[in-house]
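Right, I'll just put the structure down here and ask away after.
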């Protein structure tokens, strides 16, 4: 049983319960019965007929009407060859909405196919009925949807709803919805008011309507005849535009920071294995990849054994990915890399070989194709700020996570002796040995740590993009750039470089385009290194020689 | 406490140490003398375990340590001041000194004991400076400090006075004397500064072309035999 | 990044002494002779003949020799001057593109759209050649570009990088940035080099049918001659006092300044020389493989070049040639016999080479030779 | 033993002299724009301050060295002696102050390479040689020649140059190690090799930072002799902590004592050794 | 020889392995099927698999090896246009035969190649027509979003010309390109959102390979639903969706000539065969294998070649080419499709599907029957005169 099915089941169950509790007050509505003939076009009508049926269902004040629409939207409405319409309740159980009885889903019943047009119609239809829902949240969402619809036929309904509405948020939303319809009113004062109201929303969605008022027709006459209304529309447009540019700016900043966190997570492990230990670790990308595949495996495990906890598989994947990649890293260190210290360029060759092997290994085990890793529900979607800027939860989670990992690394490196020992070893392996550092063990631990961090990065990356054998290659160059730009061996430098690269990229992209932005960034890196030949935080003085 | 028997060492084809034997007792200072390039540093490296020996044995407190890694020897209480200082250039002075205590458990290696700064006051003022930025002499002082904070039972010093100002050389001599007087530490001192060595040594060994050509106690150190092996 | 790297054999040669030992000369000439013979065996003998060499083999070897030349060029900067370039692909590709421009124009009106413009330009509605395509219909001018374009890019890039004293990994990484940026640039259709398809479907070179066996043979011989010349030139440079300055540069650049050498000039010289050599290799490569596209500028390609050098033996000149041949030969072989598992084999070989042949294949051979020598003269 | 050493020294002197006079011959094009030493001074340091993040390694240091003078500089560890040499050779840019080579060459405006061309050579405190190059190659690289790219590419070792290398090898006693990589030499041998490299450079001003550190007494003595020979024809600045050695080369010449980045005392060895402040901060009681 | 050698030239490593590996497997399956049915001309087929490793010059080398060394009678392979372009000269020079199974940008016709994938008019144009239709949402503004290389550039050029012909103004078309392997679509999605406030908007995506997943994830999380701004993609099929959580994508579209969800007996058999093969060969993730358009095209190609060989009674390239024209085959896409006599492309039906939560497609629109390919798009000036070979 898949995740969707479970969720749907619960949604369904809650809905049914709701219906039952509402049943007494909806008694009056019971009279208007759901008619099989009304539903028939859903099964075999053409699009027009289906649209009509949906619209009728939307106006039907029957609780099951909404249920039918919802089922249709989520592809849970079935039809038998005989034209009987059934709502799938989950687990092969179905309900006949006409009779209201439950039965087993007949084997020959088929899900009713809908397309985007129908889907849109369903949302619209549901919105109208939802305007009168008990739940203010539902009402609010419905009102918001109606703001954009511009369907004049709803104006009476909105007015009706507005009259009853007590919740201030919903009222405000309804007023805007009303205003957007008022724009079509013949009364200039109403139109002016509407334009002002729309301007106050700061919502870019109203821009075209307002701009439309200022447009001229072929004869040179304004669409909006009234001077004062036009002035109001102009002011409203300005206001919206100002707001939009604020949003854009804030958006770029957020996108920059979020891209920066991704780069940071991709690079942090390398900051240890390469920055601190001096291993030109070409297999770094593959360690990221392993982290991502561990996430995938955890998801499979959860689906199999703990479907109720599926939303938390990512959390569980963190320690597992850390341990798994750390183990791989330590194994590599002991078998290959430990013989190559002091010959950094040879590490390039060997780790390149390792990366080929790891990549092909994953292809053999999991196939060359990507595997599916889905965002847990708490990481899907986003929060809307400033009325238009969507900060998606997975990005937010990754920013927070990146900061946590940086903190963790910082703690380990600066508040345990490990960091000191690692730095001492890379600077003078022999002397570190002489003062009593068990170099072999420290190397192994440090490489394991770097690899483990890469694994954590892999978990994060799995939430944003592909999980496939090539995952690592895409991040390899970027990771090296970040580490080098920050100054090899400088944690703070790595953080700043990642954030800097991310932000510059995102501020460049809107006007240069993604391709030129990327090229520009690379050129900037080349130029920057001219100014700071040892990276951002380069130690200076005698000690560097 | 230290007993070296017939140690041979080769660099590729060249036979650098030829059957070197020496013994050092607790509370004594042994001076290792010899011209440039005779193998003094090589011998000390073999004792520390930085270089493997081809044959022979090195025993410390009666245990054969000739196959142990340097850090295992450090853990047994051997500290080393190498020729050329080998400061961790990009660690701060403080971190360099902390590294000296690497062989100790972490809990007892958090703080640096103040005594060391009495001997080398400059280091206290430069704790935050990077080791590599120090002047040559300061680095040498740091190297000695790093060895002493380990509270070793055997100190191996390879030309500790190189590049150090005269007044501090006197101080270092004082410290070595002090350590020797404590009686529980062995000191192996390789030194070109003859007067310094003579002043501190209880025993001496002269190397020439990788062989022990003369050995004896304090009283014999000024003898012609020794001088002959030290002049060009 | 100054790896404690010791040349496989200490330079026993007195400075200013001959280029190769007589034995080495003999070996070199023999190798060239054998390689030169192969196309003849292909042209002269019928396919059934036991000594017949298939045209596939000849084409393959021709390609490998181009790779070998690129590896040789890389060894000059990496093995001797210690400058690790992770961006040599860009020089290779630029040389290839420069020659490719000529080859595209040599197609004439035989393209799909029968225009005087290359197909991709017709397709983009371009009516004229952009300015940078001017004169590329002249072979000699194109050859000049083959040398000048990679050379100029290397010179400018090198000048700024070396002047700022960018070293070690920092240099490596910005060369990577350079090639990556170039790749993205060449991927764009608007850049005027055919986007990611690059140039292909060449018809003729200097009026000869490019697919004719004897044209192929001629290209092969040209490549062989170029490779041999490059080897001798590289050897001459590394055996000169300048070669010793380069290795000194690799080990301790600042010390070199204090005795009066300005590293900038030396680095720039060898860097540019290497880029030009690489560009020539690229130019020879294009007519033989029949395509040049931005893939050659990908970071992977450049890293692979480094791997050829390392596998063959860094700082030995002959090593990179051997390495390029060996790695690519194995790749060719593995991709046919072990199509699904060849990456394991190749990866394993890289790992084992580093672990057990730190001086590469040539280092191993030298070691074996000196051991034999030692046994003979106890 | 003695006579042969004397002969070597003579040979070396001869080589150096030849180079001095024959400025037209093979190296014509490198010839530095002539150091103007009309006032008899080869090096002026005037108010030099070097500070590292606020710490003043040199503090308003003024010092000058005459043509042909052998100047000993002593001072406590960290006094700024090496930093001073760094400033002279262009490794460190002074925060303020001027440094002139002769009357006319402003050292603060030149890079390391140009300064070396102008005629200043340096031996570092820690021996720094090209570890992967043989002893011979180290000397060859250091040898005075046109050190630009093209001449270097086509350089051929002339008989004279080979001889000069040979006699230097003799002098630094590394004849039997000619083809060993310098990295494999012992510490003392590296010291000698670096001195040899310095001599091959034939500079007008030689800066020697602790030349005898790690040498045996006998070798120290030999070095002293060598420096004494060079005195007069070349100008030298020697930094050492070995007082006996300093006394032996300073003779009646001036010794400068640095302390905390500026000159603490200056005078003959005897005067300086008697100075209470010097005893306090440097010599110890 | 008692076998007929058949070359399979698909990348099994490198960036393209993700798409091409399954084509190799389908090809092997088809060959096995043919062999089980008695082979061709009474001989068994012997597949020669090589790995060109997503490296274009290596494609040329391997093609030469297959033709010159291994002497294969036909090669099935290549995915990207550049790999096809790279091997073309080799096929022409050695007079080999290549079957190319992937939709591409057209503007090409070679005697030695049979194109079993779609030309732009068999995929892109119907898709945009659909988006403009009432059912498709009546889009009036278009974002043409692609990876910066030839296929997207060409397709978008054709689409732009097509949109012009439908009266769409340039100000209502936005062309956006991203580099290969681009993984950060935040800005682009934000821009699409902004652009869509200007009127009914649809996105035509020619994003290549690995970039699709980050794009769709971003789209989903930014709250752009298919009902607001539908995205139609030409490179996203069942195989690609296997690697994605398809739920946020529901309602977005793809245009192909085949979907696994098409219901007919031929397709059912094809799917079963593939599933059984995957299980028998223990392919990775055998339990979840799917079929897709290029796989079907590969399958058709091999069968048609077999028919042509049998008709020509020879594997001789020229004879087979001559026999190929007019071959018909009852394909899993539900029609008996035909190889065009003159342009070496298949007549194919076009389907538009909406993504479902399970990674399959709902067919929401289809052509009445197979349509003829126009490799030379009439929307590109100068192509009018070009038709067949």
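Each chain gets a letter, A, B, C, D and E, in the order it is written, and its residues are counted from 1.
The rule is simple: a residue touches a chain if its C-beta (ideal position, glycine included) is under 8 Å from a C-beta of that chain, and two chains touch if they have at least 3 such contacts.
Which chain is which protein? Per UniProt: A, C = Urea transport system permease protein; D = Urea transport system ATP-binding protein.
Predicted model only: the values in this text are computed from it and were never measured.
When subunit E is withheld from the analysis and all other chains remain in place, what is the resulting partition into connected groups?
If we ignore subunit E, what remains holds together, so that there is one piece.
Which chains, if any, touch subunit B and subunit D both?
Correct list: empty, since no chain touches both.
Chains in contact with subunit A and with subunit C: which ones?
E
Using each chain's Cα centroid, which is most distant from the centroid of subunit A?
D
Name the most central chain, where centre means the mean of Cα atoms.
If we average C-alpha coordinates per chain, C lands closest to the whole-structure average.
Go ahead and note the Å separation of the Cα centroids belonging to subunit B and subunit E.
Their C-alpha centroids are separated by 74 Å.
Return the distance between the CA-based centres of subunit A and subunit D, expressed in whole Å.
About 67 Å separates the centre of subunit A from that of subunit D.
Cα centroid separation between subunit B and subunit C, in whole Å?
The mean C-alpha positions of subunit B and subunit C differ by 52 Å.
Using mean CA coordinates as chain centres, what's the subunit A-subunit E distance in Å?
29
Counting only residues that touch at least 2 other chains, which ones in subunit D make the list?
52
For subunit E, which residues are shared contacts with two or more other chains?
12-13, 148, 177, 179
Mind pulling the subunit C residues that touch 2 or more other chains?
4-5, 184, 187-188, 254, 340, 343
Who touches whom among the chains?
The list of touching pairs comes to A-B, A-C, A-E, B-D, C-D, C-E.
What residues of subunit C sit close enough to touch subunit E in their complex?
Against subunit E, subunit C makes touches at 54-56, 59-60, 63, 112-113, 119-120, 122-123, 125, 184, 187-189, 195-198, 200-202, 211, 289-291, 293, 295-296, 331-332, 335-336, 339-340, 342-343.
In their complex, what parts of subunit C are in touch with subunit D?
Residues in contact with subunit D: 4-7, 10-12, 14-16, 237, 240-242, 244-245, 247-248, 251-252, 254-262, 265-266, 269.
Please give the residue numbers of subunit C that touch subunit A in the complex, ascending.
Per the touch definition, subunit C meets subunit A at residues 1, 3-5, 84, 157, 160-161, 164-167, 169-170, 173-174, 176-178, 180-181, 184-185, 187-188, 254, 299-300, 303, 306-307, 310-311, 314, 340-341, 343-344, 346-351, 353-355, 358.
Per the contact definition, I'd like the list of subunit B residues that touch subunit D in the complex.
11, 35-37, 41, 83-84, 122, 129, 133-138, 140-141, 159, 162-171, 192-194, 230-232
What does subunit B use to touch subunit A in their complex?
48-50, 69-71, 74-75, 79-80, 82, 86-91, 95, 98-100, 102-104, 106, 109, 130-133, 146, 150
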